[in-house]
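The first chain written gets the first letter, and so on, giving A, B, C, D, E, F, G, H, I, J, K and L; residue counts start at 1 in each chain.
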Amino acid sequence: MNVLILHGPNLNLLGQREPDIYGRDTLADIDARLRALGEKAGVQVESFQSNHEGALIDRIQAARGIASGIVINPGGLTHTSVSLRDALAAVEVPVVEVHLSNIHARESFRHTSMIAAVAWGTICGLGAIGYELALRALLERLRSG
Amino acid sequence: MNVLILHGPNLNLLGQREPDIYGRDTLADIDARLRALGEKAGVQVESFQSNHEGALIDRIQAARGIASGIVINPGGLTHTSVSLRDALAAVEVPVVEVHLSNIHARESFRHTSMIAAVAWGTICGLGAIGYELALRALLERLRSG
Amino acid sequence: MNVLILHGPNLNLLGQREPDIYGRDTLADIDARLRALGEKAGVQVESFQSNHEGALIDRIQAARGIASGIVINPGGLTHTSVSLRDALAAVEVPVVEVHLSNIHARESFRHTSMIAAVAWGTICGLGAIGYELALRALLERLRSG
Amino acid sequence: MNVLILHGPNLNLLGQREPDIYGRDTLADIDARLRALGEKAGVQVESFQSNHEGALIDRIQAARGIASGIVINPGGLTHTSVSLRDALAAVEVPVVEVHLSNIHARESFRHTSMIAAVAWGTICGLGAIGYELALRALLERLRSG
Amino acid sequence: MNVLILHGPNLNLLGQREPDIYGRDTLADIDARLRALGEKAGVQVESFQSNHEGALIDRIQAARGIASGIVINPGGLTHTSVSLRDALAAVEVPVVEVHLSNIHARESFRHTSMIAAVAWGTICGLGAIGYELALRALLERLRSG
Amino acid sequence: MNVLILHGPNLNLLGQREPDIYGRDTLADIDARLRALGEKAGVQVESFQSNHEGALIDRIQAARGIASGIVINPGGLTHTSVSLRDALAAVEVPVVEVHLSNIHARESFRHTSMIAAVAWGTICGLGAIGYELALRALLERLRSG
Amino acid sequence: MNVLILHGPNLNLLGQREPDIYGRDTLADIDARLRALGEKAGVQVESFQSNHEGALIDRIQAARGIASGIVINPGGLTHTSVSLRDALAAVEVPVVEVHLSNIHARESFRHTSMIAAVAWGTICGLGAIGYELALRALLERLRSG
Amino acid sequence: MNVLILHGPNLNLLGQREPDIYGRDTLADIDARLRALGEKAGVQVESFQSNHEGALIDRIQAARGIASGIVINPGGLTHTSVSLRDALAAVEVPVVEVHLSNIHARESFRHTSMIAAVAWGTICGLGAIGYELALRALLERLRSG
Amino acid sequence: MNVLILHGPNLNLLGQREPDIYGRDTLADIDARLRALGEKAGVQVESFQSNHEGALIDRIQAARGIASGIVINPGGLTHTSVSLRDALAAVEVPVVEVHLSNIHARESFRHTSMIAAVAWGTICGLGAIGYELALRALLERLRSG
Amino acid sequence: MNVLILHGPNLNLLGQREPDIYGRDTLADIDARLRALGEKAGVQVESFQSNHEGALIDRIQAARGIASGIVINPGGLTHTSVSLRDALAAVEVPVVEVHLSNIHARESFRHTSMIAAVAWGTICGLGAIGYELALRALLERLRSG
Amino acid sequence: MNVLILHGPNLNLLGQREPDIYGRDTLADIDARLRALGEKAGVQVESFQSNHEGALIDRIQAARGIASGIVINPGGLTHTSVSLRDALAAVEVPVVEVHLSNIHARESFRHTSMIAAVAWGTICGLGAIGYELALRALLERLRSG
Amino acid sequence: MNVLILHGPNLNLLGQREPDIYGRDTLADIDARLRALGEKAGVQVESFQSNHEGALIDRIQAARGIASGIVINPGGLTHTSVSLRDALAAVEVPVVEVHLSNIHARESFRHTSMIAAVAWGTICGLGAIGYELALRALLERLRSG
């Protein structure tokens, strides 16, 4: 079994700036923890980050028939990308959308998500732990599914 | 330490209808699992359900100075209740908002939340497991806080 | 067979003020006529009024599995209460929404109803006779259903 | 005494398609029942259907000074026709607007009515019985008026 | 087999004005070409133009059970006519909506169509050839259907 | 020279109701005064009223190449009829839009006009004299044009 | 009897620029014609132009109890000035609003008028003759009033 | 004479939190000052706080025929409660709406009030003194009324 | 100590028209009462009225460093004047906004205020007494400040 | 002569999923048919698909001065990409926009197109045949142009 | 050659308050630097500040035929003044709009400009240097023009 | 010291088309002038153009800690790209947004910028000189900073 973790634009900067706010964890740290969590459950966890909408879509398409679930933090693409939404819908596996910050407490253009309606669910605002909770939810569903 | 679990209007019907969709778990089952999860972490977990906005606000106010965190599924009050929002903001402890269904994939009036902006974060659409993830997030934060 | 009549906030004042506009009938008069109409059809008609959204929801939930239909005038809750809508939808019996006044000829915030989309139908603006027509429609449907 | 029943565009198709949904009654059946109901009350009931907005307005104008009330299902003209509204307002008799289906549970452009604000009241979503209830309300009002 | 071609208000003026823009083809020319195209495919093509919404609806209703497909340029009725939409939906055959000009490059009130959602598809902005493409698409579908 | 006067839906009722508000002049009186005004200027003035949008469009099209100007009170069609607008634009003569009442002081749906942008100008709210002023403006323009 | 003619901001430039569009008449020419028209009717016509909203309001207030009617072209203040509206409403004499150009065929922010709802009527888009028509309407009303 | 003071949801927390912002006065302190102010004027002042919309409505209804005026701070119900509005309108005595904070300088959903249009007037943003000013205004009106 | 009272456009007409509605008090009467109220508190109260936005801004700027508070009824400028808002914000003393009528019960364009967000608070709808309450609030704050 | 066929994000999945809905044709099949159609007309047809907005823009720019027309299905970029619109406008050759599904019958965010206003025309909702119709229209225009 | 510098309401306060934010430069300092910059280029630079919309319009009109370009910071009039826009458009010389602060990072009502669409261009958010850049751009254009 | 110049989609076409409008300068010419301007100030100026949002973000991230300022013309990404905005905000150096054309005088979707609120300031509509002014502003700030 296989779960794909996707990080959208600018998430590669995690841990490099404002550690008091975003924590000192880098994306590599988070990905490592997710891989470890997956290993315990006998599930392979692969991660991919890109600042390119197209590269994220390519990666999602490559996961068709391989991944059993997707965790995605679409970053700034959350609010506008119909293409990302269509790609996720085409994979036909459960998707969990994650946001590190509480997008509902920020600028109004961040309050809507193009992704949410094709996701199984959304976790937002709980910081880096949100990724782990998302993976746990997926694993639980795959286990019971 | 003490965490308060709040269930808004109509959530008392959980498990009694459409078990194929919402699962066979009753609210009592969920609350029991949350209490057990709390016990393991040495945290007392109390639950409260009401169909009355006022009763929920009374309960939230009673938790001021006592609860260290709140998990709330505001049900239909999510989209309109300024009073519930103000009550939660007044407690000054981290709040996690939970929705069993993916409110972003339902009618448009369910896409906005009065609560989200005063919550630490939101978990929606993952079913009953969302409560457990919310509690885990709170426990993690209380532990590390 | 059993039909539940629900009157929302402020409808208890009926007949006590502006009799030239709203008529001299009190809510008790209306309820009596509805009971009589039910009796003729061999159907028990129960009425309930409350100014509390929560109490109305409690009453609706209590009618699950008992009432075969509901007539409701949600009063001021018509335009905002998602919780009332969800409660009515959960009962899974036909609901007829009634308004004494023509809400479309009043302030614009009264032109939308949260309830209408989960009701079987709506009768508005015909005065107290609207309740009787609503009950007749329900009885007809129960008879032919 | 005289009541005019008006059926707007496409209502002549009633009973000819999707009988499981709309019932097997044709418009002729409904009109016959309304005429019979009128006869019992000593009131002449005339019906008119047209797919032409102008023909409906002509018919409404012809009823000035003759009809004591109007029951109208404006069909698709409900949502846009200012001219129909103006014609109905000019007759200065009580008008009851009827819709067979629950327009509030359909596409959003069907949620508004140009007619409702000049009608005495509206009955929508109860199927063919809605016409009879509308006529009963009118007869009651004419009797007591 | 039978296909109905419908031209809405003002399309009878085609070819009579601004030939540099709209071409020198009259509606008769276009209809002749469509008839010829139909003949080759063994399909009878009938055309009808009216400035009256009601006459268009009457013609559509008359085609129920006879026409296997409809090509319609609703002209100015495109943007407002719920009745035309309902009539087309009631025929239950594939409908192709055609616009000679690119309505998306004109005034904003021309950017929305009441018809599009009940059509099989839309061709707009390609001039008179749009009618032929629409008929070809219909013929292809009828052939393969 | 020739000027066409067009009266939209319900204007045939002028003078028959609420004479205190709309004056005792019938449409025939107004048309007679306009004819007389035209005669003095050596211009033939023809009038046409219809409750049918299609009939008004037919009449406008018939005036192409004949009328040198049009005065139109589109009645309730003012606010919605794209087809009427397109017909008027196709005549390519100056059009003056007239409204007896001040549409800006009435319901908000009367504040916009589909016709105004293709008219030379608009006169509204001055009562029956508005028609005469409109005709005077046209005559002046034709004279100086 | 006395009529006040008011010209808002930038109307003093009339005739000085783009004479092909706005004509060669200066504001002085127009005012002279209006004075002459008034003289014939035995009515004193005074004109006032200002680029200052406050000066226009001062002038309107000074006309209370003196002027029997007002013709005003509010220029750019048309679309925003609540104060001008309130001043005109306070005079309690008939007001005719005039616009030289067809504001409905220009930018969308020019489509609404703060003044129209408190005016007796509006004349727009007919060029300089609009002022004369407005004065004629007022004189007619004062004569018959 | 009798004046009713109503405090909506969460106002019972006054003085208990953020005293630097809201002051150290509790609701009891404020109510005592209002009672004292009333006593001087020979008017009985009663206060009531609830977090329940329904309880506030019950209390308002109980004041019909008894209270000569109402001062209400509706808290979070200000922005959504049609029922509270209807209850206040039904009492038919002057109502003054009070807000401690300047709701126009806070989140946009706090900028509108369902209550304001049925109140005699509103005082907002002046802190606890706002209650006293509201009572003074009422007393002045009752005295001069 | 010094308080500035500002009256916007058209307020100079107070008392001269509709005394049954606005009372018989002129602006001079009100200003006299405010001066007297100030004298008792040892505070100089100066008043200024203008129909000119610019003159009001000039007066506000002149009060910088001199006035300790401002009471302003911005009249029709309330709803649109960014410049007035900026001037008031630049003075950096508490501002109380006053409206004689209840702007929330009038036309919708009067429901918003450009001034409110930079004011300490707002008093609206209580008639002339609103000015006195505003001054009392200011005096109280200056005393306790 | 040369025509460029462009396929936006996710169109590479065509034929691989939901063949009952989208047909069994792959993008390669469609491109082959278009090439064949071009060959008959002596026109070279080249196709390009990418999930990257930037790659599509690069390809469009490369076609400047080479392609005589473009057929584009922008996929999810349709609704948001200003850059794609600007690139197409810069090529200054006729563009036909194609959509396989009827975007007007899907989610509301799919109802608007950034591309349509710079295209010659649009074909949507007719399935794979839409591409061929678009190419035919272009060939016809190039031939007659 | 001649360039006019215009400063709208409240800009006369520059340098007098919040020097840490707006800098210690007064408007006189800025104007002096602009004059010096003009002198070097052989261009006369005149400056004018007013809090009166009307005075600014008067000044702009006086510059017709004299000034070769205008730099304007319209202050709070930016967002609402149609009259200022019309005056600037009437001068028919290039206009550069300047804002000291970044209006797009402030309240939403500051995000739109009535002036921008008739200006040659806009410089905003760069502080006092914005004026110099605007003048440089004008001088460059006048030189090359 | 180092300044980064970024050009978004389609700006590589500069100078190649419509030289009468956009000038004959290519992007290379502009970049050369900016480099020269930088050299004089002892600041290294690097330029980068891409049609790929992702490539622009990559380039911005690469400039973190290196560049002291950024000049960006985001082209069509201006109006929609949240990711570009987030990348620019993450660099934490002053950013000047440049547009060659006056985006406020074009289609309405070009009137809003996702970038403006995180920029220090914006220069738009002055043509190629806008880049130089932007760089001058940055150099000035870096010098004085």
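The rule is simple: contacts are C-beta pairs under 8 Å (C-beta built on N, C-alpha and C of every residue); 3 or more make two chains touch, one makes a residue touch a chain.
Since the structure is predicted, the reported quantities are computational estimates derived from the model, not experimental observations.
Considering the contact criterion stated above, the chains in touch with subunit B and with subunit J alike are A. Under the contact definition stated at the top, the chains bordering both subunit A and subunit E are J. Looking across I-K, B-C or K-L, the pair that copies the C-D interface, with over half of its contact pairs the same by residue number, is K-L.
If you compare B-C with A-B, the chain pair joined by more contacting C-beta pairs is A-B. Computed from the mean C-alpha positions, the centre of subunit A lies at a distance of 55 Å from the centre of subunit I. Between subunit B and subunit I, the centres computed from C-alpha atoms are 47 Å apart.
Here the spacing of subunit G and subunit K, counted between their Cα centres, is 31 Å. Shared contact sites, meaning residues of subunit D that touch two or more other chains, fall at 52-55, 80, 117. The full set of touching chain pairs reads A-B, A-J, A-L, B-C, B-H, C-D, C-H, D-E, D-F, E-F, E-J, F-G, G-I, G-K, H-I, I-K, J-L, K-L.
In the complex of the two chains, the subunit J residues touching subunit A come out as 8-10, 12-13, 17, 50-55, 75-80, 107, 109-110. Residues 96, 102, 104-105, 111-113, 116-127, 129-130, 133, 136-137, 140-141 of subunit H touch subunit I in their complex.
Interface of subunit H with subunit C (complex): residues 52-55, 57-58, 61, 64, 80-87, 90, 92, 114, 117.
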